[in-house]
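The structure follows.
When the chains are written out, they are named A, B and C in that same order, and each has its own residue count from 1.
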Amino acid sequence: MAEDTSGPDPLDHPVADPTITRDEVAHLAHLARIDLTDAELDHLAPQLDQILDAVAKVSEVAAGDIPPTSHAVPLTNVFRADQVRPGLSVDEVLAGAPESEQQRFRVPRILGEEA
Amino acid sequence: MTATTELVSYDEALAAFDPVLGLEVHVELNTASKMFCGCPTVFGAEPNTQVCPVCLGLPGALPVVNGAAVEAAIRIGLALNCNIAEWCRFARKNYFYPDMPKNFQTSQYDEPIAFDGWTDVAVDTVDGVESFRVEIERAHMEEDTGKSLHVGGSTGRIHGAVHSLLDYNRAGVPLIEIVTKPIEGAGTNAPAVARAYVAHLRELLLGLGVSDVRMEQGSLRCDVNLSLRPAPSAPLGTRSETKNVNSLRSVERAVRYEVSRQAAVLTAGRHVVQETRHWHEDTGVTTSGRSKEAAEDYRYFPEPDLAPIAPSRAWVEELRASLPEPPRERRARLQAEWGMSDLDMRDVVGAGALPLVEQTVAAGADPQAAKKWWLSELARRANERNVELAELPITPAQVAEIQGLVDVNRVNDKLARQVFDGVLAGEGTPEEVVVARGLEVVSDDSALGDAVDKAIAANPDVAEKVRGGKVAAAGALIGVVMKEMRGQADAGRVRELIIERLT
Amino acid sequence: MSDLVRMTALQLADAIARGETTSVEVTQACLDRIVAVDETVHAFLHVDADGALAAARDSDQRRAAGRPASALDGVPIAVKDVLATKGMPTTCGSRILQGWVPPYDATVVARLRAAGLPILGKTNMDEFAMGSSTEHSAYGPSRNPWDLDRVPGGSGGGSSAAVAAYEAPLAIGTDTGGSIRQPAAVTGTVGAKPTYGGVSRYGLVALASSLDQAGPCTRSVADAAALHEIIGGHDPMDSTSIDQPLPALRDAVAGAERSGGDLSGLRVGVVKELGGEGYQDGVRARFDEVTKLITDAGAQVVEVSCPHFDYALGAYYLILPSEASSNLAKFDAMRYGLRLLPEGVEAPSAEQVMTATRAAGFGAEVKRRIILGTYALSSGYYDAYYGQAQKVRTLVARDFEAAFAQVDVLVSPTAPTTAFRIGDKLDDPLAMYLNDIATIPANLAGVAGISVPSGLADEDGLPAGLQVLAPALADDRLYRVGAAVESLLHERWGGPLLSQAPELGGRS
């Protein structure tokens, strides 16, 4: 549902002046499930700041009424017939698994609740 | 730790507060293949046997939309009186969870395929059946997740688990999420409205033929949102979202519970926390899950691997024209055709037996008889086996056939029950069961005559009464004969033979 | 070095067809060359000698039976390690996919196999195709055969180096912001990025879904056209694949060859915004010479302005990280690839294992872009970043439309500089990103582009490239113009530019 995303903004600062703090980088790293070391955070924050400064140039373009483009040749209604196709064998499915058990992928205990 | 509060009784709660409901229903479509790949969607297959690079989220694999799922989504939207988007897209809902192979769910965000609809549901109230309009916010397409099995600790539960096992057969099964607008004005009927809405959706989806709608198998799953406010004129209160309330009865109970719980919180001068809550079928309570304050930022963006969907108006109109009769109209028509009372009809619908009774009647049975078998005999057996009526291994045509045997006096009601036993036990068709079990009523006079003579000889005082003109006393002798014949006698003929001999 | 390895793919196909050599001989020659030089060049992450020779034997049988599967049946090829190959490791240059062996083939790979091209192995690349040098490969950089201290471009530097070092006559690359064209330019080879949707992305491990496109890396324009015809065309497994026949690409090359480089009637636009400040003198000098050459060959050359190209780099570095942050979420240690347990944590949770594995399994550039993309998509920022970038994309596409209303093709230098030294830009992301300044607009708009050698820069004697851009679905124009330029320049140089490259030391 649309409301699901409208939580409090974890990165509360104006877009016009993009600066990204070490804490914000840490928060983003958590969202992206990457464990960054203190050294990485120290190194990354100013770099990202610099990159954001450079890319923020896009906001200079007045584009209020410009429609967004996602693909070069616009396609619509690309559908597949509802037909069953052969998939992978169980051996193929589990061949790459770090661990498996009872024909299932075995993973460490899952914390928290189903989203 | 949240402080525990005594619940406020339901009646007290609703004397003080006005409830506002919201229902989110996830429906698994019964397409042959998944939403974005050609894997089958059969329920209950061996783990990880219905997967491919696409639904396993292997690097490089790409989704392609199942056209039949789009068609089903549009038909559902139309049946719910929604507008159908002229142009819409899928979006990625980004969050990490091991049952989701890509760590994003391909769903729809701000461009649902169907939006702004309504549907009228029949609500059972103390004043009889009332019609209640539920407004539909949207119906959108998405994919289901895999299933996790938590091992160690208390079996199957997430807490205390040592590790988890993942089966992705269900990952990618097409889902339609149907979201209501806030349902206001239900008042004390809120639990009944919630139940009636879900029952109504089930009937509607079954009629459309788009889903098996088996709540116990998870092909229809319900989230119940509820908030309270001091009065209907007050702004909406903070809501809780109770997840996975997966039976009609539970929907009703969960609403009642949340009304009482929130009323207690508010009465104690505290605030309701916006959070997801878990429904516990066994204890009938909800418990706190994830608070929305700590919710993920889903970082939605349009799915770049899929093309937009732009259903032509001609296609939409074609689908609209082919919609089945809506449930209410259908019910009214059948009730008139069958000459059934409101009460009888309500029982049939309430038991989820409408299509079964309809098919039984279509196969030649009398409507009352069809109702009787499905709602008494078969309902009891379904209950014993803990399955839905439709899941019993007997077809409406077979029920009609058994009733046909009763109609021509080949079996009586008591023997008919044994025929049901045989069919349900897989012994064959009703005819085969009758023959194999030797269940046919005996109306052969020589066989019956012996039993009658024996009964008269053994009960001289009763016989005397009948001779003396008390014909009603013959009933006792009939009982003796029937017992002797182990029920397999034509009671009418037995009576005739007794009267013949004694008068 | 065997003469076989110096031949172009079409020359090899001819020689095999005439019975002068066999696919097994050619494939073995390539494998020998790999053994001889790859320790130095490091173009390959995985070599499949047995598989390639088996495929070569099958090819020779088909040829002997008079039933070649394609124009290039029997000609060996190298495949960028970003394409799924059944039974052959696919790492995308990342530690997180170390040892992963896909259970399926990418459509491009399936088409190569069906066309009878033996697959020599998988080529090195910047991790998940993020980079312009291959220095971001978890398995060490590839080296430029022109100067082993320099990069072979990126992200597909393994493919360009393999082709330039005569380890393979053909390679597959992928181009998200220039990863086929820029490596071609800095190694003196040919690389084409087809129209978006022209070659299936099924099985191409996605970097940025709306920008990625696979294409040919070769030593001649004709080879590129022939390979493009084999891998291109509609694929129902890719929803963004264009359901139209490819234009006649080899015919376009043949037409250019027949007319002897005559370009009469061709309208060529020089993009004003791609070539000024920031472009190396020698690169500009070679570009100016080529424009004069094509003018002399009869083309009408005009300057065109694409004002919004100035915003292309910014839009690209918002769209790419955004899509990548989502595409790379699947690498989570649960189903395949690396799984690392965090140190000092007893009975870690799935989430702890995920974050630890992603921390160790991804390199610095990948982490940088994932964080950037996570930021650009996060609630409250989407409109200002991703949304605005998609609008800039429309403006870039409109610039192309306006330009192609005036001219048939656009030209520019492919990359602003020749190959830089390994290590020079490694921790300076912005400097690295500028390598793609001339190639990115084509990806944003989905149009077709090719890089062909334009000559050696005076100041360092290293190759530079000419980029030719054509409208979407008009890929044939790339090959017509590319082949004409190639023949005019070969005439001037007395042969391919690559023949001026230094011999690599080695065991052959």
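To be clear about the criterion, contacts are C-beta pairs under 8 Å (C-beta built on N, C-alpha and C of every residue); 3 or more make two chains touch, one makes a residue touch a chain.
From a predicted model like this one, the values you see are computed outputs, not experimental measurements.
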By count of C-beta pairs in contact, the leading pair of chains: A-C
Nearest-to-centre chain - CA centroid comparison: A
Centroid-based (C-alpha) most distant chain relative to chain B: C
Whole-Å gap separating chain B and chain C, where each centre is the average of the chain's CA atoms: 55
Mean-CA-position distance for chain C and chain A (Å): 25
Centre-of-Cα separation between chain B and chain A, whole angstrom: 38
Shared-contact residues (touching 2 or more other chains) in chain A: 5, 7, 10, 31, 33, 70-71, 75, 78, 80, 88, 93, 105, 107-110, 112
Chain C, residues touching no fewer than two other chains: 100, 103-104, 210, 236, 239-240, 325, 329, 332, 334-336, 347, 350-351, 354, 374, 378-379
Chain B residues counted as touching two or more neighbouring chains: 53, 56, 64-65, 96, 98, 162, 164, 166, 297-300, 304, 306-307
Touching residues on chain A, where the partner in the complex is chain B: 1-2, 4-5, 7-8, 10, 31, 33, 70-71, 75-88, 90, 93-94, 101-110, 112-115
Residue ranges of chain A touching chain C (in the complex, touch as defined): 5-7, 9-12, 15, 20, 24-25, 28-37, 40, 44, 47-48, 50-52, 54-61, 63, 66-73, 75, 78, 80, 88, 92-93, 95-99, 105, 107-112
Residues on chain C engaged by chain A in the complex (per definition of touch): 100-101, 103-104, 195-197, 210, 236, 239-240, 242-243, 308, 310-311, 313-315, 317-318, 325, 329, 332-337, 339, 342, 347-356, 358-359, 362, 364, 367-368, 370-372, 374-375, 378-381, 384-385, 387-395, 397, 429-430, 433, 445-447, 472-473
Complex interface listing, chain B residues touching chain A: 24, 31-33, 37-40, 46-53, 55-56, 64-70, 87, 95-99, 109-110, 148-152, 158, 161-168, 179, 243, 276, 278, 289-290, 292-293, 295-300, 302, 304, 306-311
Chain B-touching residues of chain C, taken from the complex the two chains share: 83-84, 90, 92, 97, 100, 102-104, 106, 201-206, 208-210, 236-240, 322-323, 325-326, 329-332, 334-336, 347, 350-351, 354, 374, 377-379, 382, 386
